[in-house]
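Naming follows writing order (A, B, C and D), and every chain is counted from residue 1.
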Amino acid sequence: MTLSRFATRLNSFGSAPHLFWPDLSGKPTFMQMAERAATAKGLTDVDLNFPDHVTDDAATVGRRINDLGLSVNGLAMRYYTNPAFKLGAFTNPDKSVRREAIDMTKRGVDAARAMGADLMTLWLGQDGFDYNFQLDYAEAWDLEIDGIREVAEHDPACQISIEYKPDEPRAHALLRDCATTLLAIQDVGAPNLGVTLDFAHALYAGEQPAYAAHLIHRRSKLLGVHLNDGYAKRDDGLMVGAVHLRSTLELLRQIRRDGYEGALYFDTFPDASGLDPVAECETNIETVHRLLSVADRLDADNRLGEAQSRQDGVASQSIVNAALIASA
Amino acid sequence: MTLSRFATRLNSFGSAPHLFWPDLSGKPTFMQMAERAATAKGLTDVDLNFPDHVTDDAATVGRRINDLGLSVNGLAMRYYTNPAFKLGAFTNPDKSVRREAIDMTKRGVDAARAMGADLMTLWLGQDGFDYNFQLDYAEAWDLEIDGIREVAEHDPACQISIEYKPDEPRAHALLRDCATTLLAIQDVGAPNLGVTLDFAHALYAGEQPAYAAHLIHRRSKLLGVHLNDGYAKRDDGLMVGAVHLRSTLELLRQIRRDGYEGALYFDTFPDASGLDPVAECETNIETVHRLLSVADRLDADNRLGEAQSRQDGVASQSIVNAALIASA
Amino acid sequence: MTLSRFATRLNSFGSAPHLFWPDLSGKPTFMQMAERAATAKGLTDVDLNFPDHVTDDAATVGRRINDLGLSVNGLAMRYYTNPAFKLGAFTNPDKSVRREAIDMTKRGVDAARAMGADLMTLWLGQDGFDYNFQLDYAEAWDLEIDGIREVAEHDPACQISIEYKPDEPRAHALLRDCATTLLAIQDVGAPNLGVTLDFAHALYAGEQPAYAAHLIHRRSKLLGVHLNDGYAKRDDGLMVGAVHLRSTLELLRQIRRDGYEGALYFDTFPDASGLDPVAECETNIETVHRLLSVADRLDADNRLGEAQSRQDGVASQSIVNAALIASA
Amino acid sequence: MTLSRFATRLNSFGSAPHLFWPDLSGKPTFMQMAERAATAKGLTDVDLNFPDHVTDDAATVGRRINDLGLSVNGLAMRYYTNPAFKLGAFTNPDKSVRREAIDMTKRGVDAARAMGADLMTLWLGQDGFDYNFQLDYAEAWDLEIDGIREVAEHDPACQISIEYKPDEPRAHALLRDCATTLLAIQDVGAPNLGVTLDFAHALYAGEQPAYAAHLIHRRSKLLGVHLNDGYAKRDDGLMVGAVHLRSTLELLRQIRRDGYEGALYFDTFPDASGLDPVAECETNIETVHRLLSVADRLDADNRLGEAQSRQDGVASQSIVNAALIASA
């Protein structure tokens, strides 16, 4: 069944620590955060960052997560271990640093496989530029493609998903939006590649998330969906539906129709303002359930389809309002 | 009773003319558009542009509108009659053009009063700049203040409301946001000045509309509210709640609490894509009624107030979701 | 020789009419505007809008332009003749309107060829959506591809260039950015397709123009370059280098290195604020000459290349500053 | 003499540590970073963060900075010591947390005075909101005003400068732009208050920096100028003139004309991508010198003033180009 798995960002669960650990001094460990996440009703999965969260033997780490009643949805690379990564991972000007980034990613793929997760998310936020005249774009693109290809070919049984983002930490990312990422995937040409759509990233790339998801579906594979929200200017990390409720509903309906079967991952930042992460996660799950139920009502007859066949934005707005907004 | 008057942009009602005038050739007249607007259920008021819509004796025009069952909420200045206005109305470098703009505005005030409307909205979109080094900012600010003052003092019984907007037609408007407009109003120092908040303008000025409305309320007067929606990048003119449903709800609740008693004016552009303007207007009215009913539910107990007293964004989101999103 | 042809937007030349036509009453004709454009020193080409500017036999119109000492760089489609185009040209929900748009475009291609221009620019700004739930994205994409294909196959000897733009008149265009346009071109699969990069469009799509130009170069063909500037929020139509001087310099250097041999077209709006269009055009040409001379200095040795090989943004900034900023 | 003092962000000087400390293991101390900053030719001042950088007796810290040949321009508050500050400093919902923030700020003022700096910069980035319905705006504004007033009245001989920023860490700051900050300053009503304009903050608040600086000058005091650059979407922290060269030039000329006598502080992030901070700082100083020399040329005759008196953007662009862009 589609859209029944919910995953979450584990680092959120260090937020408001006194609510869960009245006596904790210092920061909670990764596994303590996982224990806390496991108390969120409805949560089924977690994503782990690599290498940060896999400090032990990967299979062991995976088993511990499973013992908490959670599955590992996948791993996600983080290129922070070497300060030299600040100037690029796969596109770093220094060949040895590029090698280090690629080799670390391969170890991450191995770790994912050892946990039975078979999904590695690459967010290549360091591969970009800050200044005009800083980068030879031709060379940088070639390096990016070569790096992704080497990682994809390392283990064809592991799906590699590229998560695009317009900026941060660099002022401009090479893989800044949906379509540029699809071009890169085509240049690489490996069958185990796909895309992770992050709702807030899509918004501040200027995209309409449902349209971006459909472009991914028709030309590649949608391998991950990160739900959150924001004001379309930066990666705010707000709760699902906090700002763009209608656009979130449209995205959920679109990916369900296009057959997305992966997890819905909450990439939100309750820790940024010290909110209760368990309540936050449960509210996100509840919001998705509410919206899926609205989508069910929209799908129950063909009125919306008829309005769309005329591109009648007034009729579709009215139909969606009736299904979405509560009456007295 | 607050928030029971609905006004609309008359020029929208030239959209999809064949639906209302099967045999019309050419463009509908202003009064034909008013006749069509009058068929929108729930609409109570219109705003007229000056001088465009007041081509006859003002009292006569007002009476014709009243005969359609509509009130004139107010007039709104448009500075397009002289091509020289492109470089500024009150801040035009040419003294005689400034004089023409100010005098035309005074005639607009007289016309509003002759219709019994007592409200003139100034959108000073021509007063700004396109280029660095184009404007002496000190001089331009002084001219803007002087122009507003002369208009305000012309008839103290007519409320003058300044509608701010970040850009368009100029790349930068002098009165670009809520707070700059409040500074200008203070510099003028006339008691009959206030502010019109346009939802889409506030969004793409980077503001949160409810916060902007409250700042206006506490330092000046909220004299007009333009409802619409957009993607926070430009003046999209979309239907109420089309994108930012929650933010619209928050704004409606805020202005109701702050005692706003004016009309809710739909500044939307169904004509931009040829939508049915009557259906569009009726959908907007229905959306506002739905949201006011949600606001009633939020105000029925103090749970939201308690969540706000802790700035608990998770709890407030959950409380609003329960009141806003329909269940099966 | 590259970058020696300068084209311009003819409609600009109706601005400040009294400077050129002291006695003109009413609007200047298209050919009067062309006569005025021909007085701009250094201008070599014009682009004509179709059908607006080709009201006579195409070959005759072309000859008249040539008689003014100007070449026709190409034609550009404008879908305003039928109000139904507001809801889409190639993606219009009404089959007969789609047919009208495609057929009109083919006639435009024929007209371009009759003038010996062999370049048709398509800006498909009407093909998009305003609202969530307004469009079936799958169907709309298919229609867009089919329409472009039919036009491209109509005359393989005419280059068809797609000019992307994030929005306007629709709130979201289907072909909103460089990479989405490249995906569409690939889906069409016709050899006579390419892309027009408009500097201001690229900026407010969030792109770095030089990077976008290089992506176009490596996967398709750069068939047009529109120079102008703006504040990266909307299509401001400002003079070349008015805001992003360094980024403009980088773009010029990039396309020269990638072998662009087409015209540089000034897509600016002096008419929006009533500026002198001849002086504006000549200033644009002079700015480009200044910047190309800076690019020559940058290319005279390999210091910039060495800085880029280390992605050393400080060194490259310092090198460019020395070549760009005048000393006492 | 105006605009001859250059200050810098000390934390930048931990970037690329191997260039300065070949044998350093671990992070450099604050005083080590100051020693390195002191090697930047032309640098005269530093700003210290409070409490982070003042871990010793304030007078002693000040003396050590002076011994390096640098002056302390001022202190800047940072509200990170208590995780509870994430939900607000002066506007925190918890009265005891507000008290802690205010008292810490007073100690910061005392420390500034003990160093003879007499300038405290408040960046109240934690005072804001992330969600609709999270904040009671009326109450939050009152708390903000009360907090600023108490701090300003603590020592009237210390200038208190408010640095506005649209967001970060909160999704919306209360004091988001120039004009809102001026309203707050007026509500407080203390004579020792003023504003710090940060170039990149102004850009992504949608402002034109020179216009914002002039509004500050005429209604309050410009107490600090942070130079940097960015793409007008977030706080990129790029080098001076990296993107908006012309706008930087305009700002420098405006503040010089308005009599600004404070330091020019480089709020840039070379550490974000591991650039050489000494070369970066020296390049910034050199860029400012280059631009001030351009401004001198613009001020040498009245051609620019004449162009501005007609708001002739073409002429002013041409005049500035001739002074700004190097010829062969």
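Note that in this section a contact is a pair of C-beta atoms (placed from the backbone, for glycine too) under 8 Å apart; a residue touches a chain by one contact, two chains touch by 3 or more.
Molecules present, by chain and UniProt name: A, B, C, D = Xylose isomerase.
Quantities reported herein were computed from a predicted structural model and do not represent experimental measurements.
Chains that touch both subunit A and subunit D are the following: B, C. Pairs B-D and C-D differ in how many C-beta pairs touch across them, and the larger number is found at B-D.
When each chain is reduced to the average of its Cα atoms, D sits farthest from subunit C.
Subunit B and subunit D have Cα centroids separated by 36 Å.
Taking each chain's centre as the average of its CA atoms, subunit C and subunit D sit 39 Å apart. Residue positions of subunit A touching 2 or more other chains, listed in rising order: 87, 130-132, 172, 206, 231, 233, 239, 242-243, 246-247, 273, 312-313, 317. Interface of subunit D with subunit A (complex): residues 83-84, 86-87, 130-132, 167-172, 204, 230-231, 233-234, 236, 238-239, 242-243, 272-274.
Those residues of subunit A whose C-beta lies close enough to touch subunit C in the complex are 87-88, 93, 129-138, 141, 166, 172, 174, 176-180, 182-183, 186, 205-208, 210-211, 214-215, 218-219, 246-247, 249-250, 254, 304-305, 307-313, 316-317, 319-320. On the subunit C side of its complex with subunit D, the touching residues are 206, 231-233, 239, 241-247, 270, 273, 275-276, 279-280, 283, 286-287, 290-291, 293-294, 296-297, 312-315, 317-318, 321, 323-328.
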